[in-house]
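Down below are the structures I want you to see.
There are two complexes below, and they share subunit A, which is joined by subunit B in the first and by subunit C in the second.
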Partner chain A sequence: MKNKQIGMKIVVSLSAIMLGILVSFLLIAPTGVSPYKAFGVLFSGAFGISGKVWPLWITLGQATPLILTGLAAMYGFRVGVFCIAQEGQYVFGALMAAWLGVQLQLPPWLLVPCIMIASIVIGGLYGLIPAILKVKLGVNEIISSIMLNNIATLALEYLVAFPLRADSGQKAQSAVLPQSIWLFQFVKGSRWGISFLLAILLVVITYVYIWKTPRGYELRMVGKAPLFARYGGVKSDHVILRTMFIGGGIAGLAGCLEVLGNYHRVMTGFSSGLGFDGLSVAMLGGSHPFGVLLVAILLAGIRQGAQLGLQISLKIPRELGGVLIALIIFFVAIENVYRPYVDKLYSKLVVVISKIGKENQKTREVQ
Partner chain B sequence: MEKFIQFDDICKYYTSSNVQANNHVSFSINSGEVHAICGENGAGKSTLMNILFGMEQPDSGTIQVDGKPMLFKSPSDAIASGIGMVHQHFMVVNSFSVAQNILLGSELGKYGFVNHKREVDFVNSLSQKYHLPIDPNAIVENLSVGLLQRVEILKMLARNVKILILDEPTAVLTPQEVKEFLKTLRQLASDGTTILFISHKLQEVLDVSDRITVMRKGRVIGTTETAATSIPELANMMVGRDVILQVDKPKAKPMQAVLELRNLGFTNGSGVKKLENVSLTIKAGEIYGVAGVSGNGQDALVSCICGMIEPSQGKMIFEGKELKGSSVQQRRRQGIAHVPEDRITVGLNPFATVTENALMGYQNRKDFSHRGILNKKHCEAHAKTIIDSYSVAGASIGSPVGKLSGGNMQKIVLGRELATHPKLLIVNQPTRGLDVGSIEFVHKMIIKERDAGVAILLVSVELEEILALSDRVGVLFSGRLQGELESEAINEHTIGLLMVGGTCT
Partner chain C sequence: MNEVFDFFTINLASSSIRLATPIILAALAAALCNKAGVLNLAIEGEMLWGSFVAIVATFLIRNQTTLGQMHPILATYLGIIVAMIFGALMGWFFAWLHTRHHVDLVVLSIAINMLASETTVYLMRVLFKQSGTWSDASIVQLPPLSFSLLNRIPIVGQLLNGYNFIVYASWVLVVVLVIVFHKTKYGRYLKAVGENPNAARSVGISVNKVQHWALISSGAMACLGGAFLSVGHLTLFTRDMSSGRGWLGNAAALFGFNNPGGSFFAGLFFGIADAVALRLQNVTKIPPYIIQIMPYFLTIVILSVVSYKARMQKSRNALH
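Take a look at the complex of A and B:
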């Protein structure tokens, strides 16, 4: 039973991707470039393993913050809160890192963990705001979290323009962090480094937390069957607050890792929608940590391939990558429209596969 | 008076729940009368009204309105033919004004613009015509429940309905509002509107109606002139004498008191008293049955004891200690188990597996989780024990509970709750919607627990169930304990009388 559900999820995601690619074909055709070629280039630009810096490494580097914001959004979905404040949490996590990294004078081995913890805490606290408003006052979390995102983005613009501004140069940006606390990158210029391992670790921890612990059990019950949880004595308010703190903390950590491992400072325009992307990742990934991991890599790949492959080698605007992602999300969102067909196809497929399996067994028995 | 609506041999069978909701129903309604339809829960009153209003289609039979055969495909058809219905749950737009709500869907105006003044004038003249005063500009969310109901009635009258169906209209009203409302009904009837009034509160029915039709188990028992009948006679018709489910039950041996309620009261957020001055004692080794028509305070009573809501007054003494202030979890640990009325959304999580459902309430116990990690083997063994010892057909530890039949779902709830070895077991409507075999099983389980010394609080709106199981019976009416009966005094006539607000003499 459970296997079938997971199977269906994967089939739906795959069909959304296929449909997205199909429609993109139609969009590429008028440019005169063969869609097959375009997708070949897109793929090698995303997951290629050639050249000095493999495109795959770059993709994995870019996937890192997406994995984390995707996990952050997933916690909200699982507990039944549609909080979209990951962008704000991400921004505050980054600001905390950029500020502490310059201000605190500590040995690097102590400073880095301190910065990470501070970023997690501030992201978590920022995540608590819409949760408290919802639980205590019944404020709609979507509205409050959109507003909180605006506050965070504007706060960032102000802070980098004035208090944190490093020089009076043209660009408003904070000071560069001391090189001793930059996070290690496996391949220079790829952005792929320690942060990626941390993200993978969090994927595993999240999986264990949600499916193997009593707290995760309570979280899932509150999300899926709130009345059942309340009847069973689960303190739903506590569970929601705790979960939103964890989610916020992970988004905050995403911002922190981008600063420590990648940009080494914050600048105007730092908030580029990574938090929002986390929502798509969580949705496409079926609110499952491993799904989040795969989808984050896929989306980062499409973006990377569009930039490296399409724009540079084929002169097709890289925005096509964005269009492709949007199409995929669109097809997941309207899943109900084509789901019955996919369902039929899938059950046919299962029958065919089991037949083949049986025949194989027969032939083996005969032999 | 001529016959206005004629029901002829209406049958309706629900395959999903295996219920014959209407069984060859035939009777007629005269024009301009207030006609009450009475019956217990599940007697088929609402189904019949839904058929008349076009929300459901009958399997067979015909309805004649004004001499012409009519079967409505949808409520809008019914309204177009002059039949309006006011549901128990109001269907209003909270942020709109009264006038906007009344004219929703048939706004007055020209060229796609709404003429606000015309709408207000229209509502004013409507409310004067029918003597239903209301401020057309008031915003609906600020109105009391009584006024909301008036808005709903005006909404129907604005569409020129000749027949008004009211489904349990007084269930949500305060006693003062009820008085006012009944006056309104008489007023409407004298203005020529035919009123169909569904209720099981017999006093109201006697006060307001011209004729009364009583239904039981999908059949019409009879139609009488209101002037020629009385509460005991109606109660007798409603409850009747049916085959009582036979349960082998040794005599109870009640022991010490387990739960004592003293003057318990609960007032909800909108100021309605759901419970008032309820005092009762439940002893170990006995089944205390709480009878009553649904919605008379049973939910509040159960929720107070389980800790889902805090009572506004009174005391709850469990094993000598006050319960107030302790959480649901603490009460569960102290030995209160609860089989809720709604097993699908409250008692279980239908999307989760049997193991996950069996785990609720145990997840933080030492043997189920260690250092913050669930002990998978132990959780699954626990679920397996429940499946095996209650022989839950079709269930495996990993299958979703939502796929099971109602009886098997209930077995899982019962199994989980009894595995705590409770001192007090609350069972709320334990056999609702179950087939005969499952009912028997559940009843046997309850009696077995009683004989093992558990105090049992049985809440049921099924009189037969109360009669078959209870050692003592308390009857709730309007949130009060209308009466308490013991051993020989327990019979359906007395309970039926108490259920509808009468007193035992």
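Take a look at the complex of A and C:
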């Protein structure tokens, strides 16, 4: 039964991806490029393994913050809060890292963990705001998180333009961090480094936390059956706040790792819709950490392929990548419409596969 | 003293009304949906699409039809109507998905908002080869209307005169919605469906029909607000033109307890805050970011108060 459910989920996700690709074929048509060729270029721009820096490495590097913001959004989903404040948490985590990295004078082995913890704490605190507003006052979390994201973006613009500004040059940006605390990158210029391993580690920890610990059990119970949880003596408000703190902390860490491992400073326009991408990752990944990991790499690949492949070599606007992602989410959202057909197809497929399996067994027995 | 007076000129008042109009329209759209018990968070995306469709339709009508070539202003009006029809169709599509297939509107809204911001930029780049802003010299802005009756009243007349059609349409819509909510059968049905759909269904009200109409008209209103941005105020389209006004509209509807009048004043308040921020930027040396933050900050504070009050009200009602 459980296998069938998971199978169904995967089939629905796959059909959403197929439908998204089909519709984007229509959108490629006015550019006059063959859609097959476009998708070939998109794929090689995303997961290709050639050239000086393989596109695959860049994709993995780009996927790192997505994995983390996806995990952050997933915590919210699991506990039943549709929070989209990851963008703001990410921004504040990054600001914290850029500020402490320049201000604190500590040996690198001590400084890096200090910065990470500070970023996690500030991200978590920022994540607590919509949670408290939701739990204590009943404010719609989506609207409050949108406002918080806007506040964070403007705060970043202000801080980068005035107090944290490094020089009076054209671009508003903070000072570069000392090289001793830069996180190691596996391939130079690929953005793929230690942060990726940390993200994977967090995926595993999240899995263990949600499914193998009592606190994780409480979390799932509050999300799935709040009344049952309350009846069972779980303090659901407390669980929601705790979970949102964890989620916010992870998003804050994402910002911190981007600064330490990648940009080494913050500048205007640092946040670029990453929060919404994290949300999409969590939705497409079926709110499961391993799903989040896979989908984050896929989405990063689509964005990367659209930039490197489509825009540069075929002159198709790179927004096609974003369109494709949005279409996939759209088709996941409206799965109820085409689900009956997929269901029928899936059960037919299962029958056929089991028939083949039985025949194989028979032939083996005969032999 | 003189400076203070300069600051609060008629200019400021009229610019706040201009800035408030799209927010008011979005707020009315959101309030109507909230009343009907469907949380429509896609207003931001609908607005963005509305502004894109309005300017493209205006451009096509202006240059491709003889009617448009002869009457440029008429082309703009027709473009706005096309955008509203587009919005209504979109609302109908949402309603169909929601009532027929039980699609979760929150997830759908997130998808629609993303889709709107990506497709408009993509289409702008493919169709018009522009990456940031697109405009065409042939498109004519909505003309300001002037009523001679209003001109006779000294200060108020000056304040209320000289806006374009959409501004006045938004005011009329407020009045119409107040009448619909309080004086018609549909308004009573709307209230019943929003408060308890099952009870409404049990007395023979068609919940589907009520929600259909709410979503359809809110789509049209959101697109009208979007059209105000692209062909009403300026004649250009920029990437992410709605820039959060739809969300502010959602918030404004909640401030106004989902009443048309309340939403109107909440939207107007946002407009005034925007205009003051713009003005302060010119007059003082306060960094613009701090002023720009204020509306969002205020939104959170006011939303907290409003939600807290609503919750208290609910628990008090439960006691009796």
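To be clear about the criterion, the second predicted complex is superposed on the first by the 367 of 367 C-alpha atoms of A that agree within 3 Å, B and C clash if a C-alpha of one lies under 4 Å from a C-alpha of the other, contacts with A are read in each partner's own complex, and residues count from 1 in each chain.
Keep this in mind: a residue touches a chain if its C-beta (ideal position, glycine included) is under 8 Å from a C-beta of that chain, and two chains touch if they have at least 3 such contacts.
Computed from a predicted structure; not experimentally measured.
Placing subunit B and subunit C on a common subunit A by superposition gives a clash between them. In the superposition on chain A, A:P178 makes contact with neither subunit B nor subunit C. Of the two partner chains placed by the overlay, only subunit C lies in contact with A:I143; subunit B stays clear of it.
Of the two partner chains placed by the overlay, neither subunit B nor subunit C lies in contact with A:G189.
By the touch criterion defined above, A:E218 lies against subunit B but remains apart from subunit C after alignment on the C-alpha atoms of chain A.
Within the superposed three-chain model, A:L320 lies in touch with subunit C and out of touch with subunit B [touch as defined at top].
Ranking subunit B and subunit C by residues of subunit A touched puts C first. Of the two partner chains, subunit B is the only one touched by A:F228; subunit C is not. After superposition on chain A, the subunit C segment that clashes with subunit B is 181-189; the remaining candidates among 55-63, 91-99 or 181-189 show no clashing C-alpha atoms. In the superposition on chain A, no subunit A position is in contact with subunit B in one complex as well as with subunit C in the other. For subunit B in complex with subunit A, the touching residues are 306-308, 327-329, 331-332, 338, 340, 342, 345-353, 356, 359-361, 363-364, 368-369, 372-374, 376, 398-400, 403.
Listing the residues of subunit A that touch subunit B in their complex gives 1-2, 208, 212-215, 217-218, 220-221, 224-225, 227-235.
Across the interface of their complex, subunit A is touched by residues 39, 41, 97, 101-104, 106-108, 110-112, 114-115, 117-119, 121-122, 125-127, 131, 244, 247, 250-251, 254, 287, 289-290, 292-293, 296-297, 299-300, 303-304, 307-308, 310-311 of subunit C. Of all residues in subunit A, those touching subunit C in their complex are 27, 30-31, 82, 84, 133, 137-140, 142-144, 146-148, 150-151, 154-155, 157-158, 161-162, 276, 279-280, 283, 316-317, 319-320, 322-323, 325-327, 329-330, 332-334, 336-337.
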